[in-house]
Amino acid sequence: MYTQSFSVSDEPGKQQKPVLSTESAEQMAKFDARIDADGRIEPQDWMPEAYRKTLVRQISQHAHSEIVGMLPEGNWISRAPSLKRKAILIAKVQDEGGHGLYLYSAAETLGTGRDKMLDDLHSGKAKYSSIFNYPTLNWADVGVIGWLVDGAAIMNQVPLCRCSYGPYARAMVRVCKEESFHQRQGYEGLLVMMQGTEAQKAMVQDAVNRLWWKCLAMFGPPDADSPNSALGMRWGIKRVSNDDLRQKFIDATVPQAKVLGVTLPDPDLKWNEERGHYDYGQIDWNEFWETVNGNGPCNKERLSTRVKAHNDGAWVREAANAHARKQQQRQIKEAA
Amino acid sequence: MSATTEYLLHLADNAVVLGQRNAEWCGHGPAIEEDIALANVSLDLIGQARLLYQQAAERIGNGATEDQLAYFRDVPDFRNYTLLELPHHSALVGYAKSNMDYGTTIVRNFLYSALMVLVWDALQKSPDADLAAIAAKSLKEARYHLHHAADWVVKFGDGTEESHARAQAALDHLFPYTEEFWTPSAIEDAAIASGAVTDVRTLRAAWDAIVADTLAEATLKRPEVRGYVPEGKHGRHSEHLSYLLGEMQVLARAHPGATW
Amino acid sequence: MSIELKDWPLWEVFVRSKQGLEHKHCGSLHASDAAHALEAARDVYTRRQEGVSIWVVESKKITASNPDDKGELFDPAADKIYRHPTFYEIPEEVGHM
């Protein structure tokens, strides 16, 4: 369901430099012109190497996030407290798998195979959204993820529906259709709990306390600290700045929290009449970077679970291939 | 409780238990495409369970609900086939832990859905209109489940040496549990007598044929069956159902009376 | 002879909805053969809606025209839809590439 709203270099510290040596100025000019005219770039079009690389990284990070994102919510499927909620949750997690698939599909149009992207994820080389490195500790986490995490994802994804690269934009349209459903269901589940028992209300508040700040950090560091933001903006991949998205999210969410009756755990959260926005407190960016770089509470668990699924499933994939080959031989024999 | 209501619970318990088992693969499947396919199967089964429990609850009355039936009944009340409550691995005691094996999952889904396409087909002619309606919907789903599972049984049986070995091992382990499909039970007999329900034993030959066809294509051997016949539909289960229900029911039971 | 692919081959999926007039390209997926691809496409791209028609084609079997033959952004190497390294079969003798 989500990508980090910034393009994290898979090799931290290495700056992204556009490579222009082998690319003709004429092709570049035509490419720029199309971007500036808000046109689409399609898989067969000429594109600068750096554009291709940035997109592969961003789209595959997004895909990885969807797949890894199945795990924190998947954690509560077996214990869902009603059959209706169980069905809703299975459908949601399944959608996330589907989104991952649409996104790998979009990334593959750029010439990188899915197995290469999965190798990068499993080796720890590729990143995925930081939010999925936190544990889901009670049932309300599921609703809060729907409300806040999917809410944040929608903020980021709607502009991406207009991004310059055709397959990515089209994948995002498909994803957005399914995503708003998820946010509504999450919020509705929380509403029911907040109108329920004291224990249910306490669950929701506990989930909000743990997840609120992590959700704000999802939008990525302030744009001054995001080296790849400028390039992304230039190329119509990134449409809105991290800070603007974060502010938009907070402004939309505070009234929703009021309706729910939960307290957002930020004593500095206050309406600023002058700015016309909510002021908010300091995000712990140290903690964020530690988590992004592999040292959060659940990174190892999430990643090794995906690696295990992949490795344990090898015999299944091989069986399908072997059977397909056998069928092929039989057809050749029959034709002969 | 009427005979048909008891029978509805048997069908519902089958669906919820197997739905629960299949959902355990969410996020752990051998390929994303397969994760999605299995989630679809699970969703269908949970959907069937809901319809069946809702029907049963209506007939029981007294404020009974689908969730009360699914979450607040105990192991001996459950009438599912033992086959469906088994974990996704070879024969081990209730508190042993083991990796999930996709071969076990697929073979079990195959054996059960081969039965259910026949059962639902028969039940859609039931004079009990609500049951017939549920059967008609479930038949479409069961056909898909059978198609999916049978395809994979063939890929495994006629795939690699490893997949063949795993599929045969799963079959050797699970096939004996299907004997329970054909044993008499008071609940089924009463429901049959009421005219609402077909005698599942009349479907045995057709089931054997489906199984034989697929196993032949998969180059797998049908195992011999002897000795103990499971009694899950009589409320006498394996060690595994208690753990499955323990997990499934824990949160709902911690908050009795809460609405979700 | 063909390359032994670790992964399942890539298939493009086209769906005509119940009320639709033509098949539309929805995306791609990996499957071991055509029948498998069809089943997967049903699950992934239609969530098993009734009355939809699905086509699957192995991606490498698609030949594409160049979108801007008038010379706008024209890459002469691209008559395949993707620039996948695995789309181009390399003889075994050449080794790993």
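Letters A, B and C mark the chains as written, and numbering starts fresh at 1 in each.
By definition in this document, a residue touches a chain if its C-beta (ideal position, glycine included) is under 8 Å from a C-beta of that chain, and two chains touch if they have at least 3 such contacts.
Small disclaimer: the values here were computed from a predicted structure and weren't measured.
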| item | value |
| --- | --- |
| Chain whose averaged C-alpha position falls nearest the assembly-wide average | A |
| Interface with more contacting C-beta pairs, comparing B-C to A-C | A-C |
| Chain centre separation (chain B, chain C; CA means) in Å | 36 |
| Rounded Å distance between chain A and chain C, as computed from the means of their C-alpha atoms | 25 |
| Per-residue overlap in chain B, given as positions that touch at least 2 other chains | 31, 33, 36, 40, 155 |
| Contacts with two or more other chains, residues of chain A listed in rising order | 98, 101, 317, 320, 323 |
| Shared-contact residues (touching 2 or more other chains) in chain C | 8, 29-32, 36, 44 |
| Chain B partner contacts - residues on chain C that touch it in the complex | 8, 29-32, 35-36, 39-40, 43-44, 47-48 |
| Contact footprint of chain B on chain A as seen in their complex | 67, 70-71, 74, 77-87, 90-91, 93-94, 97-98, 100-101, 104, 139, 189, 192-193, 196-197, 199-200, 305, 308-309, 312-320, 322-323, 326 |
| Residue ranges of chain B in contact with chain A within the complex | 16, 20, 23-24, 26-36, 39-40, 42-43, 46-47, 49-50, 53, 66-67, 70-71, 99-100, 102, 154-156, 158-160, 162-163, 166, 247-248, 250-252, 255, 257-260 |
| Chain A partner contacts - residues on chain C that touch it in the complex | 5-8, 10, 26-33, 36, 44, 64, 66-68, 72-75, 78, 81-86 |
| Chain A - residues contacting chain C, complex | 27, 30-31, 34, 41-46, 98, 101-102, 105-106, 108-111, 113-115, 167, 171, 174, 317, 320-321, 323-324, 327-328 |
